[in-house]
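Naming follows writing order (A, B, C, D, E and F), and every chain is counted from residue 1.
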Amino acid sequence: MEILLAFLVGGLFAVGVYLMLRPHLIQFLIGFLVVGNAANLLIFTAGRLGSQFPPLIHSNGGVAQPIANPLPQALILTAIVIGFALAAFGIVLFFRAQQVLGTLNGEEMLEAFEPAPIPSLVDEPHDPTQPSQEQIPS
Amino acid sequence: MSFLGGALVVLMLTIPLAVYRLVKGPSLADRVVGLDLITSVSVALAALYALVSGQTAFLDVAIALALFAFLATLGLARYIEYRGHQGE
Amino acid sequence: MSWLIVLPLIIPLTTALLCLVVPYRRAQRYFSLVGALALLAAALTLLNQVGQRGISAVQISDWQAPFGITFVADHLSALMVVVTGIVALAVALYALAANDTAREALGYYALTNFLLVGVNGAFLTGDLFNLYVWFEVLLLSSFVLMVLGGDKAQLSGGVKYFAVSLLSSVLFLSAVGLLYGATGALNLADLATRVQEVPTGLLSALAMLFLVAFGLKAAVFPFFFWLPASYPAPPAMISALFAGLLTKVGVYALIRVFTLLFTHETAFTHSVILWIAGLTLLLGVLSALAQGEIRRILSFQLVSHIGYMLMGLGILTPLALTGSVFYALNHMIIISALFLIAGLIYRLQGTGVLVSLGGLYRSHPWLAVLFLLPALSLAGIPPFSGFWAKLTLVTAGLQAEQYWIVAAALLVGLLTLLSMGIVFAEAFWKNPPPKSYRFTPGATGGWFALTLPIAGLVLLSVGIGLWADPLLRLSQTAAQELLDPSQYIQVVLGVSR
Amino acid sequence: MLDLVVYALVSVGIFFLFIAAIGVVRMPDLYNRMHATSKAGTLGVGLILVAVAVFYQDLSIATRALSALAFVILTAPVAAHALGRAAYLSGVKPCDTTFVDELAGHYQANHKLESVEETLPASNPESNP
Amino acid sequence: MRAFVHNVVLTIFWMAVTEAFTLGNFLIGFALCFLILLLARPLFDPQSQRYFILAWKLPRFAGLMLWEIVLSSIRVAQAVLSPDMKIKPGIIAYPLQAKSDLEITLLANLITLTPGTLSLDVSSDRKVLYVHGMFVDDPQKVIESTHESLEKAVLEVTR
Amino acid sequence: MVVASIVAFLGALTAPWLYRWLGSAAGWVLALLPLGLAVYFASLLPDVVGGQTLRHSLAWVPSLGVNFSFYLDGLSLLFALLITGIGAFIVIYSGGYLKGHPDLGRFYLIILLFMASMLGLVLADNIVTLFVMWELTSLTSYLLIGFSHSEFKSRRAATQALLVTAGGGLALLTGLILLALMGGSMEISELLGQGQLLREHPLYLPALILVLLGAFTKSAQFPFHFWLPNAMEAPTPVSAYLHSATMVKAGVYLLARLQPALGGSEVWSSALMVFGLATLLTGATLTFRHTDLKRLLAYSTVAALGALVFLIGLVPLTDYYAAMGFAAFLLAHSLYKGGLFMAAGAVDHEAGTRDITQLGGLFRVMPLTGVAVVLAALSLAGLPPVLGFIGKEVLYVAALQAAPAWMVGLAVLGFAVGAMLALLLVVPFFRGQPPQEVHEGPPSLWLGPLVLAGLGLLLGLFPGLYNPLADAVASAVKGQAVAYHLKLWPGFNLALLLSLLTVLLGVGLYFLYPRLQAWMVTDPVPGPENGYNALLRGLMRLAAGVTGLLQSGSLRAYLIWTFAGLVGLVGLALLHSGTLLWPSNASEVNPAQVVLMAMMLLGAIIALGLRSHLGMVVVVGIVGAGVAILFMLQNAPDLSITQFLVETLTAILIALVLLQITTIGQVPAGRPLDAVVAMGFGGLMTLLMLGMLSQPLELHLSNFFTDKSLPEGFGRNIVNVILVDFRALDTFGEISVVGLAGLGVYALLRWRTRNDKEDDPLRGTTSSVHLIGATLNTLILQTASRFLFTLLILLSLFLLLRGHNEPGGGFIGALVAVGAYALYALAHGLAASRKLLPVRPLRLVGVGLLIALLSAFPSLSSQRPFMAGEWFTVFGVKIGTPVIFDIGVYLTVFGALLAAIFALEESALNQEAP
């Protein structure tokens, strides 16, 4: 079972990454969701499979064996919630980006900084618009 | 494999049919119908697994799932009502 | 003592929560300031304690390690927390003076304090999964801070920052899962005792996965692109905080795992780190030279100089690690100061574009001094603090006969100098542009209030430069602790295995 | 004996879920497909829940199973209604064989629905083959 | 309603007496107390009498509903499994007699769960329920049969 | 000595204030600082001349072996005297030259700082201290060269000087560190005794090259000479001081200082002699290309520096002539060049030009300056009776003794140009008419040149005055005691003949000068400066190219880089190990799960082909649902529930947002490269997992949790006990993240509605969609939702409270409660849903986290660590801080999610408004 899961996880990672690489941000987000699921499955598999009972203790205090490994479950719960928070924030972030930048295409979303030419210390600027402020002997 | 274990597998075979509709559409609402069926099957799976495993904890999975499937359908319905013509 | 270790977590957390619950802005400002002061005090006390009693640990929730989560303060962690406190205080002061009411209303103070929670948590935790959690805390607060205000540059940069961070989170998570699956452990000390049983090849591959996950956060080549795309966008008080703290968390994590866990095959793993360090150094500084705006230049400089910190880690001798630690601490201070100065320049002349700037040397000589000192420190010019870091690293590199990285390090120092020289020539020396802007001080704080925190940082950096020994000694101790993890393991697990 | 009842319930339940699935695939339009899910689907799930209640013969478990059942029965038609209405509003047309469409033309721009009495004729000639 | 409150109070008393605060005991106690109240029925004012009527009608209503679901599912199964799918779909306007929110909602849900019909929407003036039918040979017949079986049952329970 | 150095630095720092206070008189007062220091150093003369070396050391950075250590012998003392002595005149001179300049206070500060650094440099014993001072001189000279910073040329020259000298400095640093590592000490005084060891070390050659690079750049040796003439953009006092007397000699000083340690090898001598001579000739040649006084002097300086380096190279080859010649020529040059620069500045200041072709008849109007120039020019030409003559004579003797004949010949040629230059300088004072209204400057302008030139004459006439110190200098350079008698008249010898030849050649060249100059100017030879410029331009182009390639602005490119790096590194590690690990023991294959997994993967792959955004979300939803079912089948009920709820909520959120986006854009198709990268990554992850699974899993953690969950954690749901007790801190971070996400969504959406309503260019298009925020306005749903709301809230509380023992807990409970509110909002609208909550949701986030935090504190009372679980029994019910913590989780998650949903709804409503 674990080996099959290793391949499933690999497949999901591939699908997710393929989606993440598409330029559209919605695709990216969907890809992230898939990859997140793959990562969760990975952790789950890391805790090994083959249990027959959930990690719950009976009212009488007994534990039925083989019990599922509870630690990966707890870790994944945390990871799921964090992933959800990230995705939720991301959705809204992309929404706002679309509103302000007018696109959801990551490739059209180039850096939106003020244009800033690079000053040269070799060649005097072509347009010496600066009037000399003071005349001093040198 | 026990009877119920086999039932689990058989039940799962309904999912591809639902996925067919999910993928095929043609309208978004059709996809939602497919999704809705998948969640229904999942609820049934959870209940069935509560039988298979002897763990009633999975009944809670069924309840939670049914609840949220309902919410999801409503949410998507709203989307369709206002935007469905675009999201084919 | 056990509570002292968690104070750097509790204090900003309490501050953040008070800011969330109490809606009055004036109260929030007060909380923020008191919180920053308290954090610094707690951090200094912690450092002092660690100095006196050695590495200290606390088992959170009172579950013995490796079962619960352990917080560990060694010299590296304590030093990082102290500098975090310093940067936090400076930025808090600046924010008070900057008086950005719109951001305040949307939770600026809560967010910055959450950021500090994440940063300090990451520095102090002794648990790999817990580290992941703190990373996420600091990431999310930084996302929000990054896009708070939502102009085009912020959003387009924020989207990239966010996207790449998501990727690094998933990678980190997967790496933790794989390491857990191979060892059954999450506690770093526990892991350290168990990784030897993992086959070398597998462990090296996992190490590479961690290298990428943390490298994305530390912004090293080829994973740094998000940083220059995003850091120049938000206001100075935010980018200064980011520049000072966030990448250093990645560096810290790299140092931690590549001294505690992945030392099984240094000939491979640490050589890779050295290569990455060299490429980061060179490509970062080259890109900085191709920029025409101060904050963009600083962003690339930030990237480039992460390479120095990795260089020490890659060489992995006591002296080299001393250099890395010292460099990281020093860099946190000066890069924050520089970003704040960039903010001041922006306030003075309405832009950070070099060709549109000028005349500041004449009009604001003190600002010129404030800029020049950390800029020279950044370039590693003596006797400023950055020099000692570079001297240590270069000496270590020569000792270890890693000549090409030494050459890269020195060349980058020179190119940094060129880059800072261009900024100085353009923004300070050149005549001001015909268009004149008016200084826009905050409503509550004027010029003095805005420069005070910067001056504090700069003075501190100059102080470190002139009197480098105390910090170097601490860094040395930190490096010794890192290179001999047995004490760390002993303190955390209570036994030496 | 009890096992047999449980097995029967489960089998029939699965059968109806299959019916629903086949219906979703085969039915000619959305509205007819929704018939399949809202009826057969609900029944299928319900039967399996009943099987759980029967199997455990424990009051608290039965309560949980039956309240789940109640919930499903309560929500399924509401969801179907919301979806069907939304689909109609978004322009999903009934299939060609649809015999009569008395709803056609009664939705206003603001999604308010007129009653038939206000705007006769009751049957829409367009959708009447 | 007062009768219901009585019933609950008595049940709590029962649980206290039997010293078992479990769901099972509650249900047992509730049934027991209901029987007692049924005995004491003449003591209650006319308004409270509805409680006893409902107590009878509700289970019957639930049973009807379940039965309708089974029936309708079988009809769907027939249609789905038949090779040529003998369906004759149509959307018809069903004039409502039900007035209150609860009545309309219950009726609409029931219509959906019952054979061959599916509620689509209620007109804004609550006069008409639009229903999608799978086997609409004659719209009028559908309206009449629904009126006879379902709407009556609903109104019985609610009024 | 340490004190002197510190005094120098502190004194410099007072300059701006003194200037503000004293105004134009400040120069005279400030000159007291270097003057005092000069007197102090002069007082040390007897000791040093007596053969003592003075050493003072102060620990500076002991952890690196760096001391603030100073060492005084003849060589350092000569330099110290020059620095402070000439420094005093320069300070005075500056006051006159820059009178009234707005930045004069700053100027004093920097030049005095420079002086202090230079002083520290020549006194330093520790290599790091020396380097610190070295760089400080580069830095201060940078600020001085860029003093006229409004001119582009000044800025360029300053940066150029900084780059060249700092670049060399870095080489020097490396070389010095190598020397320290080789010699085992950072103190030069200790390294000097280890010449043998150093020369035989395998790293000798690289160290030597690096040190030479440092020295050559600083001292403007060929091919790094170009920065020095450009640095003439600096005000004249700076040129006079930095570029004649002091800074440029730092490299020479260093070479002389290290001569006993590094000298004595073939490489050393030949390198120094060849480069020294090349520099001498370069300086000489370039003299012909300019008529600007300062530039002429600059090239002459280059030539002189070459001569000095040449001499140092000769030192090991001769008995003592070279060392002695060094001592004599060094002082001579400092005196005459300092004087000439100051005089040139004075001429420029008064006459307004420095072009020698424009000047004439100056002696009549500026007699004092004229005297100074004549005396200095004599020294420059190497004519008796001045010190320059003696220096050049000894140099010739040394060269004749050890250098090949062709070198001597070239040296003569170089000095002949010096003689020509001397003529060029003197002639304008006597020939032609003085410009109008030119007169002698104030004393501050002529005092310095006169005294320095006079000193040259004095020492030329009475070389015995200098002899003791010169011996000490030569001893230091030679590395052994030298005693030589300096004489003005050495008698007839070959050297004198060469001197004569030099002068004759010089006169000849003077007459050829106009023609040679015309030729040189019209046909300039491309020099190393072109190389420097090309390098810098190339660097900038490379930078732009690299940046364009890497920082393309495209997110996809960044991601591709990242994945490529990842696949490369991990793949490298796997390849490097060369073994494929395969799990040996795995659990039984479960058919139901296999079917499920196949369907998940299939669904995911199908999703890749879809062209609708929401359709894709829906299809990918089956992956999420599949994972949830898989979790269930693997006995993880909490996980399964959470996964289902979260997947659903995510889909709802996406739908909610997509609803508000008008121009979504097409779903672009994938590209082959993406597929390759993706499959590579997926394959690696599979390999890593297989490797991981091949290792046995240690279950010590989980066994502990299972054992302690009930007896010590008082909960039967082990997963939940892990979440709220064993690893509660994780959960704390997790809910912080959730709270932050809520805050973030709120802030993102709020900012828009507050601030950019007007300037949002897209508002026009978004408002075309009607009714976005509308509810599902149906009677049926509204009625059902009233009932369901209460039911769900009840269910949520139930899930919260029993979570410690059975599936559920704060997070799941909160999601259900959010579901209740969302349902109500769907049916009845946002406002109605809001009314059901008396507080603002974000406040609840704070309250929830505060509760969680407070639950961590009761353990303080029992002196247990942070977050330790404390349990109390209240009315028979066991209540513990972990349970309270879970309530905090509930409130936080509830508040955050609700805040996000409400904010989204509100944003939709705002869009709808016209």
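Please note the rule applied: contacts are C-beta pairs under 8 Å (C-beta built on N, C-alpha and C of every residue); 3 or more make two chains touch, one makes a residue touch a chain.
Please read these numbers as outputs of a predicted model, since none were measured by experiment.
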Steps in the shortest chain-to-chain touch route ending at chain E and beginning at chain B: 2
A-C against A-B, pair bridged by the larger set of C-beta contacts: A-C
Inter-chain centre distance, chain A versus chain D - centres from mean C-alpha coordinates, in Å: 38
Cα-centroid distance, chain D relative to chain E, in whole angstrom: 17
For chain B paired with chain F, centre-to-centre distance based on mean C-alpha positions, whole Å: 59
Where chain A and chain F are represented by their mean Cα positions, the distance between them in whole Å: 32
Multi-partner residues of chain D (at least 2 other chains): 20, 22, 34, 42, 44, 71, 74-75, 78, 81-82, 84-86, 111
Overlap residues in chain A, where contacts from two or more other chains coincide: 20, 28, 38, 42, 45-48, 52-54, 56, 71, 75, 78, 82-83, 85-86, 89, 93-94, 96, 100, 106, 109-111, 118, 121, 125, 130, 132-133
Multi-chain contact sites of chain B, meaning residues that touch two or more partners: 28, 32, 34, 53, 55, 57-58, 60, 63, 67, 74, 76-78, 81-83
Contacting chain pairs - touch in the sense defined above: A-B, A-C, A-F, B-D, B-F, C-F, D-E, D-F, E-F
Residues of chain F defined as touching chain C within the complex: 59-64, 102-103, 106, 128, 131-132, 135-136, 139, 142, 146, 149-150, 154-155, 158-159, 162-163, 166-167, 170-171, 173-174, 177-178, 181, 539-540, 542-544, 546-548, 550-551, 553, 555, 557-559, 561-562, 564-566, 569-570, 572-574, 576-579, 581, 685, 687-689, 691-695, 697-701, 704-705, 708, 725-730, 733-734, 736-737, 739-741, 743-744, 746-748, 750-752, 754-756, 842-843, 845-847, 849-850, 853, 859-860, 864-869
Footprint of chain D on chain B - complex, ascending: 3-4, 7, 10-11, 14, 17-18, 20-21, 27-30, 32-34, 36-37, 40-41, 43-44, 47-48, 50-51, 56, 59-60, 62-63, 66-67, 70, 73-74, 76-78, 80-85
Residues of chain F that touch chain B when the two form their complex: 591-592, 595-596, 599, 602-603, 606, 610, 612-615, 618-619, 621-622, 625, 628-629, 632-633, 635, 637, 640-641, 644-645, 648-649, 651-652, 655-656, 658-659, 664, 769, 771-772, 774-776, 781, 792, 795, 799, 806-808, 812, 815-816, 819, 822-823, 826
Of all residues in chain A, those that touch chain B in their complex: 52-54, 56
Complex contacts: residues of chain A adjacent to chain C: 20, 25, 28, 32, 35-36, 38-39, 42-43, 45-48, 71-72, 75, 78-79, 82-83, 85-86, 89-90, 93-94, 96-97, 100-101, 106, 109-119, 121, 125, 129-133
